[in-house]
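Shared between the two complexes below is chain A, which has chain B as its partner in the first and chain C in the second.
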Partner chain A sequence: MASMTAIITAEKSVLAVRPVRPADIPHVIALDKQITGLVKREYWQQAFERYAAREARDRSFLVAEAHGTKSRTPILGFIIGEVRAWEFGSAPCGWVFALSVEPRARLRGVGQALFEAISAEFKAAGVRSVRTMVARGNRLHLAFFRSEGMMAGPYLQLEKELD
Partner chain B sequence: MIEHARLVIPVQVGEAAEINYGGPAAADFGPLARDRILVRTMTESDLPALIMIDRRITGRDRSAYFERKLAEALHESDVRISIVAERDGVVVGFIMARVDVGEFGRVETTAVMDTIGVHPDYRNLGVGRALISQLLINLMTLRVEYIRTEIDWRERDLLRFLDHSGFRPSQQLCFERLIETAA
Partner chain C sequence: MKLQISSRIAIFALLELAAPPPRQFAVAEMAEKYGVSSHHLAKVMQVLARAGLVRAVRGARGGYQFSGNVRRTTLLDVIQLFENLGSGPAFSRAMEATDAGRALREVLAEIDDIARATLGSITLATMLKLVDRRRNGSQSESAVRQVVMTR
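Let's turn to the complex of A and B:
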């Protein structure tokens, strides 16, 4: 999945979505810190190693950038996902497990462009559905994924705290 | 082992010893189930048994999935815990889990239990309980704060088992969509 570059058309014509590069990782870390307040260098480095550096057609780590302009922001957002087959007994499907958009670039179709691009990669990998997990209290993500047509599926997440 | 009339004194780790039922409860999960059933780390040679058990449960041949999972467990750098349970020297159940930080925006150190199976002929014998018990001990050693899993709401037997094992619904919602309807 590493060769795709999508230039989004119409009103999103200034957006390009492409595979992440090593030079993007500091910006990914900075964007994540801006949103979560946490610096997770090791996590994002590992994410790069796992989802971008290795040759794996079922894993995607994409970034959106302003296309053909000198933007002050190196990347406008990123999305990570992979095809997971038979985990939790589920038939193969695409999982999106990270999505972030630069706050100043929101409501301009960046998240949608990223989601469309990764959905296309999942489809090319041969799966028919895409899934994600959203925290009940995260209204931003709930609103975004609902607006993209995602709905509650048959899977429940269960957890146990380890004392 | 040294035997003195009716007294048996273990001299090596693993030899039978009298259980002190009067002592304080161990800080673990299900010690009795784990004591009866051998639980050990998964190895490459367990692959045929995993595939066979899974085929008995699901009716599908998911060899490729188990081959990939086992390769990840044994060769990738991620923290994975994969264990099997034995009865009479035969593998009768397994659990695979990985440790994550940050997936789906979570910041706690969380383990994801993504694969579990018990041979249908060995159900209701404490195999699953022994596996979960050992998994939780291993995760606590790694200072993992939460364990989570996902389950189809129609998997009632597994749902009941996880309920009895102390799992509860999380605050995460699983969303999905067919890709054909995507852009």
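Let's turn to the complex of A and C:
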């Protein structure tokens, strides 16, 4: 998407949100490993190629970092999303499908800064709503997205075990 | 979904007390505001006090103050103080033992699961934001945040 930088003065720190760079990818992989316990180098490299390497108005891969200070961690979090249209009959809508915040940086407005930045990108791309999907048991993520004003949407996710 | 009256009273009372600025209310004052019995509200407040969500302030201008964590206390935390969520033993044992009974239990369990996930993800802070949004007619911005966009 655009080469945007959002400088956000949160309650306790100053954050910068900017598009991901190739040098951030090892840190994205490390942060994801820290959270999920899985190393997915190929997946994140492909995510970079798809969402950041090519300039596209409808795709965003953003990272948050401490602005103007030496942070102990290179990035404090990242968020990825894209505008999708007409899947399941849905009008164009922004989808957030990855959000991760460094555990030591939580409760400092990092997730909120990332979510607000990608929401602004979606709005600039011309969509009026943002959507995500969260595991029912993931109280942390559910509570976060709820606190950002997200409510149950018009779709229900269904699935089935294949025999 | 139906909630027991005690759960509803508790949620209203907590939202009233937890909204900034810090405040305290006497039971009679709150009971009158919401049109519920003082006796019922007093019982609810005692349960909330035992759970550490409110504390009683003694004296002529006494009442209750919020003492919980608005960003950590969820609607589910509050409701479970007063009732067990779930579809309950709705069938007879004979019905329960049938394939139809088991299938229906499975569907009801799915609904219960979704209800728990929803109520467990909405904190008092999120509820206060929703109330604020209803009041203002649009999403309110936090006064402590300043966002500068540069391109």
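FYI, the second predicted complex is superposed on the first by the 158 of 163 C-alpha atoms of A that agree within 3 Å, B and C clash if a C-alpha of one lies under 4 Å from a C-alpha of the other, contacts with A are read in each partner's own complex, and residues count from 1 in each chain.
One rule holds for everything that comes next: a residue touches a chain if its C-beta (ideal position, glycine included) is under 8 Å from a C-beta of that chain, and two chains touch if they have at least 3 such contacts.
What you are looking at is a predicted structure, and each value in this text was computed from that prediction instead of being measured.
Chemist: After the superposition on A, what does A:109 contact: first (chain B), second (chain C), both or neither?
Modeler: In the superposition, A:109 touches chain C alone.
Chemist: Touch check for A:158: first (chain B), second (chain C), both, or neither?
Modeler: First partner only.
Chemist: Should A:85 be classified as contacting the first partner (chain B), the second (chain C), both, or neither?
Modeler: Only chain B is touched by A:85; chain C is not.
Chemist: A:120 contacts which: chain B (first), chain C (second), both, neither?
Modeler: both
Chemist: Quick check for you: in the superposed arrangement, does A:137 touch first (chain B), second (chain C), both or neither?
Modeler: A:137 sits against chain B and chain C alike.
Chemist: Among the partners chain B and chain C, which is in contact with a greater number of residues of chain A?
Modeler: B
Chemist: After the superposition on A, what does A:147 contact: first (chain B), second (chain C), both or neither?
Modeler: After superposing on A, A:147 lies in contact with chain C but is clear of chain B.
Chemist: Identify the partner contact of A:39: answer first if only chain B is touched, second if only chain C is, both if each is, neither if none is.
Modeler: neither
Chemist: Taking the two structures together, which residues of chain A meet both chain B and chain C?
Modeler: In chain A, residues 116, 120, 136-137, 142, 146, 149, 152 are touched by chain B and also by chain C.
Chemist: What residues on chain C touch chain A, complex-wise?
Modeler: Contact set of chain C toward chain A: 71, 74, 113-114, 117-118, 120-123, 125-126, 129, 133, 139, 144-151.
Chemist: Touching chain C in the complex: which residues of chain A?
Modeler: Chain A reaches chain C through residues 2-11, 109, 116, 120, 136-137, 139, 142-143, 146-147, 149, 152.
Chemist: Would you pull the chain B residues touching chain A in the complex into a rising list?
Modeler: So the residues of chain B in touch with chain A come to 58, 62, 64-65, 78, 101-105, 107, 110, 114-115, 136, 139-140, 144-155, 162, 165-183.
Chemist: In the complex formed with chain B, which residues of chain A make contact?
Modeler: 36, 38, 40, 43, 46-47, 50, 85-90, 93-94, 97-98, 115-116, 119-120, 122-123, 127-138, 141-142, 145-146, 148-162
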